[in-house]
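Dropping the structures in below, format is structure tokens.
You will see two complexes here that share subunit A, one where it goes with subunit B and one where it goes with subunit C.
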Partner chain A sequence: MTQLDRLSVYHWLNAWCIKPVGGALVRQEPEYILLALMGSPLKKIMLCSSEKEIFSVEEQVMVQHSVIINNMIEDGSYNHEESKIPLDCVDSKTLKKVIDYCTHHTHHHNDNQEDLEAWDAQFLNVDSNGLYDLLMAANYLEIRNLLDLIYGTIKNMIKGKKIDEIRRIFNIKDHGFTPEEEEQNRKEYPHFY
Partner chain B sequence: MKRKQLGMNDILPWELIDRIFLRVPAKDLFRLRFVSKLWHSLISDRHFAESHYNFHSASSRSLFLVKDYTNACCVPLDTLFDVAAAPPTFKEVSLPSRKMPYSLFCLLGSCRGFLLLEEKPANFLVIWNPLTGSSKTISYSHIASEIQPDDAFRYGFGFDASRDDYLIVLYWHDNYYNEDVYLECFSLRTNSWIDLDAALPKPLGRWKQRKRSDLFLHGAIHWLCCSSEDYIDDDILIFDLKERSFSKISIPKQLVGCYPIYLITVEGCLALYLDDKHKTEIWVMKEYKVSSSWILMYDIPYGNNVPICMSNGSDIIALNYTMRYSKLRFVKYNVIGELLNYSPLPLSEYYYFYRSSCVYTESLLPLPGDIKDRDKKNKTGQECFEQHDVAED
Partner chain C sequence: MGTDIISSLPNSLLCHILSFLPTIDAVGTSFLSRRWRHLWKDLQAFDFDTQRIGNNERFVSFVDTVLSQRRFSDIRKLRLICGAHLDSGNAVGRWVRAALGPCLQEMHLLLYGDVSSNYVDEIFTCASLVSLTLVANLVLNNISSVHLPLLKNLSLGPDVPVDLNLISACPALEYLYFIFDASFYPNIHLLSPSLKRLRLIEARERDFDDPIITEIQIDAPNLEYLRIYLEESCVRTLVISDFPNMMEASIDIAPKAEHVDWVPKLLQALSKTKKLALGGFTTQCLVKAPNLHFPEFSYLCQLRICIRSFNSGVLIKLLCCCPKLQVLKIDNNGVQYFGDQTPRTEPSSWTQPASVPNCVRSHLNILEFRRYPDSLEEREFLAYILQNALVLKTFIIYTNIGSFEKEKEHILNEISVLPRGSSICQVEEFTYGKCFFLSSGGYKGDDSYCFSMEL
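Let's turn to the complex of A and B:
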């Protein structure tokens, strides 16, 4: 058991307290709190992107947000001295952003709701393809609050828009309808387009 | 193909697109079917419609109001008394076309995005999904020809999940002085009337109040009825659609003998309200079918209210009709009965107030048997709502 000074304890209690993070409630079981108190607060883990780039990130940050990584650490398959977690579905650019999100939300979870929302909005100010990559990464890593955030953002991009605009925004070049079908649809529901 | 040229459909797996659609309101999804073939098949999928309805049923409810012979409007409940003080958003809706000119529609109930309308005096029932336009007309002239005063019938409308079927129940008495009460049930899936005589409790209760008061909750249809000689409402008759059996639960003792009382739901619980023009009492049965769990949740010193829904966890929103000025408005009361706010409805005329409003959730669900028929029907466009008239009974 490592030395625990008052600062470390404060740091841990701060990190593990029950607090809304990005709209999702992050709850910590008592065993985690105990485990946390026993370990070093700044323990890092290694994540490896599909491009074989290694990212070092605080364990508590990823464990708090990603169910997948949390499970890996919990079931002991991750050896802190040697292992890296390979994330073959996530490229470096996206992984960096995901780590960014998780880190910010862990360290700033005490901020007020407006500031967090503003940060989230800025964070998601990426092009469509970047958004899809983030969505797939968040889905793979099972990061609930990031998923909800992206779903909400895409939903708002869709709501209230007409069909031609949607095809433009989401770059849907081939809609798959036959020319006859498309013409028929346009005739029946002109105001949809 | 370069990455830049790829679109959402190429990059995201359909499971994720599905999950995005789950969060998009039903009215947008109806339009989005035409964006691409992939989107069409995802949205038209029956299981998707079911998950979408379940996702939204508690949170995205609207109030549907029949305005006159041909028009109705729909307002989402969460835009009433918006925090930002924006006026509620009303959407105009055209009612289905009538079988007979000059008949009018009364709104009888709603279930899973479908509304049950009655065309009077033509004696047709219409099940209608205002969003998709799909509808089915059911004639009950084989019953009605022998009768009747205007309010002779009581109705029930519900969904039997075990058989994926919608049931409509008609419940009537021959004439006011006659003890005999009759009940018939129509199944949409089999397109036929079901004989329930074996299951009927004897004697079947009668009712006293003029307004309809049926409720579909927990897979069963509920009605208020009285079973004693003095015609005082004192029981709730429950028809379980899966078991096709009847049972009864009692109303709170304090309400026995009071008039008029009506059934509603409050936050998913069975509730009763008493509206005697000077006050409104709302009693909620906190635990379903547990008679001792009735509590008086609201005691409001104003009358002419039809409670609609709760808001902010403790306030109650109602429709209020001031008879003296023929004014209809939304009102909000807090838990101790104080009037917090009100918002007038932009309706210039309003008929038969008590049978013309209903809370419902928009859905993309099809009628049983609709999916195979969909492509064969000739569609006639009518504003945003297509309409097919399936053969009547």
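Let's turn to the complex of A and C:
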């Protein structure tokens, strides 16, 4: 058997819709059991938060989701033995959530749409500070699907809602209009309020 | 939870979020605060729907005002849902022409009424378009030239007279949703190597009797998703390429004698699919075929089959050709019995199969039976499946909507005592009409080989 790179094996298995779960392969056909015997846990990388906390995560998980990390690994600037990827603009709490998101979506990629959506809704059940931090992190790491998810959530906070309600949701306390301007707006466009 | 984080996001990001909103909501954000006052004016994507505004006059004035106050003249995306003739002055043409340009990527027009203007020709030659929707009651001009080299997604109908060869010639076309009136399309020829998803839907707009389509030809070897819905027309011939990449297919055709000849050919072309849904009349055509022979559906995971008059023999034969089937949904679309009229004494043509179909024994996870009428043949079939389905996890039964409580209880009691080959199987019972079902019992996503179905 030729020396197969771990990543290539993963991509090959992916194409046949087999998910390695915790190192073991779930399938009945004998040819795949042979592959399971290839043993050692999947390659990990180290991510370092702004608070200097180190998170170890499967390389494939991050490479699948984050364009930035994928580019770093591909162009060889990341040395597996020694380095860690410093993410100075992402704090530990947010980084943990981002890793959580990427890991879930990699491992549960074949789930029902409804189940995935339910998990996503639960995942984004955070306060506005948390949402902002996630948005900044997803933007920095260029995680397309997480970004779209967050945009969708923010969009839903605005869609079809009255001004007062949106102000409450986003904590817009000082709208900056003069009292006359505010009154004028309310009078001329009552359906927005 | 106290600070206004959202307003500190950069303008470009906020504007990007606004572009996902209906334009009326995006414009409304100008009242949120000074910070938001002029943000919407940077929009290059617009979504106008009369439903949110109601009054035609106000709608026209709103759209005109918004378009005139925008900062960038280039429009990337325009979505417009309104009457084709809102008022005098050709408002729709005005707005469409404002959007047409080298930056326009998406145009979605849903117009109620007849469209006669020549802006339609300009739309079909807007070379930058990637997604196009044109749904109008009738487009009076024949669309004679099509130049859409980047077009990926196209939705047309129900009365858009276009030469399908021109559509097929779009080199990047991946998704085609074609709603048509068979009276205007005596032939449907679609040859597209790039096509991945096709929906072919018949919609009757005129009242001619029994429309006839001489030939439907679909040559799209990369097709992954196929939906055919033919309500009334009779299709004389079907010419179809093989679909080695098929993932999901749903076929609903009218019960015509001519269809019996080519339905088996269609199934053969779909033999690699992972999901299959057969409508009531489709199954009827299959059953009527003189030598009923199903292809081997080696990858089929999910089967939804509507049967107008229950035929256990055909079902078993089909199950024998689906070695990996995990989900089976049966819908008994036949005559409904309500109240006291019960068909329970009808003779059953159930015969015990020689051997248990492979999928039933080792793969069937979910069994669903809609409009279960509890006649003898259905019960024997069910009993056989339940006894031999060794890995069945969920069994859902929908009784008829008119069934009395007593009847439902009786059915549930009878079924509960049937011997089950699988120890973990749970039975759920619902009245037909509820549009959800519970999937119970440790059904882990990791073990699933099925893609999510989006019909």
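Note that in this section the second predicted complex is superposed on the first by the 154 of 193 C-alpha atoms of A that agree within 3 Å, B and C clash if a C-alpha of one lies under 4 Å from a C-alpha of the other, contacts with A are read in each partner's own complex, and residues count from 1 in each chain.
FYI, a contact is a pair of C-beta atoms (placed from the backbone, for glycine too) under 8 Å apart; a residue touches a chain by one contact, two chains touch by 3 or more.
Because the structure is predicted, anything quoted here is derived from the model rather than measured.
The superposition on subunit A brings subunit B into a clash with subunit C. Contact with both subunit B and subunit C is seen for A:Asn171 once the two complexes are overlaid on the shared chain.
In the superposed model, A:Asn112 makes contact with subunit C only, not with subunit B. When the two complexes are overlaid on their common chain A, residue A:Glu188 makes contact with subunit B while staying clear of subunit C. Partner contacting the larger number of subunit A residues, of subunit B and subunit C: C. Once chain A of one complex is fitted onto chain A of the other, the partner contacts of A:Ile163 extend to both subunit B and subunit C. In the superposed model, A:Asn129 makes contact with both subunit B and subunit C. Only one of the subunit C stretches 132-140, 276-284 or 312-320 carries C-alpha atoms that clash with subunit B in the superposed arrangement, namely 132-140.
When the two complexes are superposed on chain A, the residues of subunit A that touch both subunit B and subunit C are 128-129, 132, 135, 139, 151-152, 154-155, 158-160, 163, 166-167, 170-177, 185, 189, 192-193.
Taken together, the subunit B residues at the contact with subunit A in this complex read 3-9, 11-13, 16, 19-20, 23-25, 28, 31-32, 34-38, 379, 381, 384, 386. On subunit A, the positions that touch subunit B within their shared complex are 128-129, 132-133, 135-136, 139, 151-152, 154-155, 158-160, 162-163, 166-167, 170-177, 185, 188-189, 191-193. Note for the complex: subunit C touches subunit A at residues 1-9, 13, 16-18, 20-22, 25, 28-29, 31-35, 445-452, 454.
Remark: subunit A residues 17, 19, 21, 26, 107-108, 110-116, 127-129, 131-132, 135, 139, 151-152, 154-155, 158-161, 163, 166-167, 170-177, 185, 189, 192-193 touch subunit C in the complex.
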